[in-house]
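In what comes next, chain A is part of two complexes: it sits with chain B in the first one and with chain C in the second one.
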Partner chain A sequence: MNVAPYAVAAWLLLVGIYGVVTSRHLVHLVLCLAVAQASTYVLLLGIGYRTGGRAPIFFDIPPGTPVVDPVVQALTLTDVVVEATVSAVLLALAVQAHKRFGSADPDRLGELRG
Partner chain B sequence: MTVAVLSLLVPLGAACALAGLAPFTHRRAGWTPVLVMAAAAALSAVALARTAPRLDFVFGGWRPRVGVAFAIDHIGGGLALFVGVLGVAALAVAARSIAAESLAFDALMLVFIGAMIGFCLTGDLFNLFVFFELMSVSAYVLVGYEVRRRAALEGALTFAVTNTVGSILLLVGIALLYGHTGALNLAQIGRTIGPADTLVEVAFALIACGLLVKAAVVPFHLWTADAYAVAPTPVCILLAGAFSELGLYGLARVYWTVFHGSLPAEEVRAVLLAAGVLTAALGAVMCAVQHHLKRMLAFATIAHVGLFLAGLGLLTAEGVAGTAIWVVADGLVKAGLFACVAILHHRFGVVEVADLHGRGSRGVGVIFVLGALAIAALPLTGKALIEEGEAWLPVAMVLVTGVVAGTLLRAAGRIFWGLGKPPPHDPAGDEPAGEDVREGEGGVGLLRALAAALVLGGIAWGFVPGLRGAAGRAAAAFTDQRGYAAAMLDGHAPPLPHVVLAPPGATAYVYALGSLGLALAIAAVGLWGGLRVPAPVEALRRLHNGRPGDYVTWTVLGAAVLVGVFTL
Partner chain C sequence: MTPGIRRGIAVAALAGLGVALLAACLGLPDFGHPRGPYATEVIPISLHERHVTSVVAAITFDIRGIDTLGEELILFSAAAGATVLLRSQRAEEDAREAIERHHALAERTPAPVRGLGAALAGPLLVLGVYIVAHGQLTPGGGFQGGVVLASAFLLVYAAGHFIRGPVSLVELGEAAGAGAYVLIALGGLVFAGAAMENFLPYGTTGELLSGGTIPVLNVAVGVEVCGAIVLILSELLDQAMLRREDR
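For the complex of A and B:
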């Protein structure tokens, strides 16, 4: 087993969350969230990878050829759609924040306390 | 079992139709969404009635090994029906109180409810995640619906950011579990998982984090009050009554189908009980210092979620049955209380106790007080079953329910009877509603009837004949891992383990009286005594500062603690 994809996934997750925590701009924050989410794509694809496996399209490959796991690819695709939706919603909120209140700093929006 | 699928497809289909029509009209959908939801709830009821305590249903006749399985048992199906009923109530409140002239609001509400029903019925781990995300995303938009208000925008943002981090953790956990077992069907994972190693422990901790963020368990709860305070009231009904509880349901479902028998039960039990009691205590304390009605009810929800988690954390069929009974009663009562808040908001445009002092009508006040008393003492059955799990649990329960109910009674005394001095303005203050979503102009008669029906329904729920037996059988099936797997994968179910639930004993009544007494005492002290907020509570309050970065930090810390506890 190659540990590289897992290391990359862990790195992306940590870096993304670090970015979210320290962000000073809403668009930056949303992109950091997207980076953190990207770690799940890498993780999923890494889990499904088989050394020497081909793309799982059973059209012109002889039966018994090793292929990579198609399930994780379906999962990743679903995950991408979900993430795109969340990003769209968050970016729309960020645009509204900037338009109505002239600030995109998540810490300066603060109105709720306690 | 097409009926069960229809209960999910009807609201989602109607939502698509409404969303498709939305650009062409500026009218509201009127009572159509309520009727759609009532039909879906009726379908859920039929599905539940036809379901044996344990039943497997697989889409399109696929063998479960290939298809994405749906599985209905009495706990999942019952919860789906409960979500449907709450959905009808919430949509009825929306039809009366939301004046936005667009079909989009109703469409979003239907997606939200449909996704919650799907979450209850799925038997597949990844599908669980998909419904989880669908309900989350629609909730983000619904919470931020009054986007012209600054607080609404910020509440939606913190909600969305914190919960997205939670769902990333959940997905990482699911991916690890898939890598370990090669399966996504819950029953199949449970069969192949084997004894726990570090990977399984990490996967469980991460999945638990994702679901506990949704359930608003300490320290993942920080987004909750900010979101509830700004959400339109019908959305609050669903958030407080079902959304948080679904996080707990998801955790219990995954634990009992997958991890039970693999992870050391003692450890899981200790962690869940500790988290539950901590959450309940924090929720109660924070509830007591609120003067903004929706925030008050939000912390009341957190306190109750803590108690529910403690009930599930006992890891017994009795605990599951007690929690299931209590979740329904609590959800109905809380929906009734939120309907009362909707009436106040509708009349006066504010929901802060200071602004409402002595202005509320006493008819609504009686409903509100009934609801608060119900929170202190009901439902005897559910509470008693949980109380028997641990010697110290009754004390925690009496304290938490007493403080929460006392706070609500204090607010009711001020608002509806003008007792005591008006409290200071809440630092989390509320601004007047924006123009686009002013609460509508229709009469409040219907809202009042609805609030009364919900509160009385919550109280009556505990007296439904045969409830204890049904809950016992449902919980027995829910906690029977082998039986679930056999029903799902082999198509035949072994006989149910026999679980008989004892009726509440004399001690249960004593505890209920203690809770009531404490509630009255706290309300009296709050109204006429001059208590200052102690410094530690003030510090605790400052942690709820509305900054997404800080909330995510706490979420990550909580995740690190959970992973650490389970792996070390």
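For the complex of A and C:
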């Protein structure tokens, strides 16, 4: 049983969370979150992969050809869109935080408030 | 909490999480052999009932059509939210100054950069329209094509043209795309008895105008995604312009 692709997903998640926890810059933090979320793409596509399967597009291959699971690909598409929107809003918040506190270091945002 | 202690706690917690995740991975289907029945069930539905050769498009815009409606509205509200956040802290005169500064900078943009931007914008627009239009046939569709279209506009921005002027057009396009998706969903309710149900002729599978509502939905999504991305990125770039003054 081959678990390597799932291990890659788990590794991306762990590395991303580690980056978020130890981040010293808000933009870096948002990018680390994107890395953590990339693990879900790897996991979804890994679950749907069929050995020797083609892309699930029957424009130029005959019906009945083995293909990879198209359901998880559609889910991954949703996932990518959500990731992009989350990043956009978080980056806008990061810009605002930097303007307000004069610093993009997450640790210093709280100090400056008091 | 010092960074060192925090890092220690994080490493310990992540190690525990990692072990749990690896244990969970052992229960997943063997790599290369998907278990779900839908992986094969959706293919005949997509080809014969929906007349679409891209199975992913059939799932996104028909089987999970309502979810995609939600996804559209997430994108719409995120673009609106990011825009409101970025604009709330910018007085109008600041914006005008930023425009002037941008014009001044645009004068200094090297000619090769402007030429390359102008030369690439046209082909990218065509590619974006192509990807949106063939969404039901080949890989691509509204989401992917919309991003390509947005990059064409951003190329124009990078080449020194300000897209602040038509920004209301961008906002309008974004809203129109989201609105069109909702209207098509309601059209299914009115004409076919269920939301997102197809109510247009299917056409011949494999032709450009086939798949009923799916190509129309792809265009709506393409316009919306393009508008949303241009809006978000131009707002963020304006911030960069405003910041430049502070230094």
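As a convention for this text, the second predicted complex is superposed on the first by the 108 of 114 C-alpha atoms of A that agree within 3 Å, B and C clash if a C-alpha of one lies under 4 Å from a C-alpha of the other, contacts with A are read in each partner's own complex, and residues count from 1 in each chain.
One rule holds for everything that comes next: contacts are C-beta pairs under 8 Å (C-beta built on N, C-alpha and C of every residue); 3 or more make two chains touch, one makes a residue touch a chain.
All figures in this text were calculated on a predicted structure; none of them were measured in a lab.
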{"item": "Which superposed partner A:Val95 touches (first chain B, second chain C, both, neither)", "value": "second"}
{"item": "Partner chain(s) touched by A:Val35 [first = chain B, second = chain C, both, neither]", "value": "neither"}
{"item": "First, second, both or neither for A:Val8, with chain B first and chain C second", "value": "neither"}
{"item": "Touching partner for A:Thr85 - first (chain B), second (chain C), both, neither", "value": "both"}
{"item": "Of chain C and chain B, partner touching more chain A residues", "value": "C"}
{"item": "First, second, both or neither for A:Ser23, with chain B first and chain C second", "value": "first"}
{"item": "First, second, both or neither for A:Phe58, with chain B first and chain C second", "value": "second"}
{"item": "Partner chain(s) touched by A:Pro106 [first = chain B, second = chain C, both, neither]", "value": "first"}
{"item": "Partner chain in contact with A:Leu44 - chain B first, chain C second, else both or neither", "value": "first"}
{"item": "Chain B and chain C contact sites that coincide on chain A, given as residue numbers", "value": "13, 17, 21-22, 47, 71-72, 78, 82, 85-86, 89, 93, 96, 107"}
{"item": "Chain A residues within the chain C interface of the complex", "value": "1-7, 10-11, 13-14, 17-18, 21-22, 46-51, 55-59, 63, 67-74, 77-78, 80-82, 84-86, 88-89, 91-93, 95-96, 99, 107"}
{"item": "For the chain C and chain A complex, residues of the former touching the latter", "value": "3, 6-7, 10-11, 14, 17-18, 21-22, 25-26, 28-34, 36, 38-39, 42-44, 46-47, 53-56, 59-60, 64, 67-68, 71, 74-75, 78-79, 81-83, 85-86, 88-89, 137-139, 143, 206, 225, 229, 232, 235-236, 239"}
{"item": "Interfacial residue positions of chain B with respect to chain A in the complex", "value": "126, 130, 133, 137, 140-141, 144, 147-148, 150-151, 153-157, 160-161, 164-165, 168, 171-172, 175-176, 178-179, 184, 225-226, 229-230, 289, 426-429, 541-542, 544-549, 552-553, 556"}
{"item": "Chain A to chain B touching residues, read off their complex", "value": "9, 13, 17, 20-23, 26, 29, 33, 36-37, 39-40, 43-44, 47, 71-72, 75, 78-79, 82, 85-86, 89-90, 93-94, 96-97, 100-101, 106-107, 109-114"}
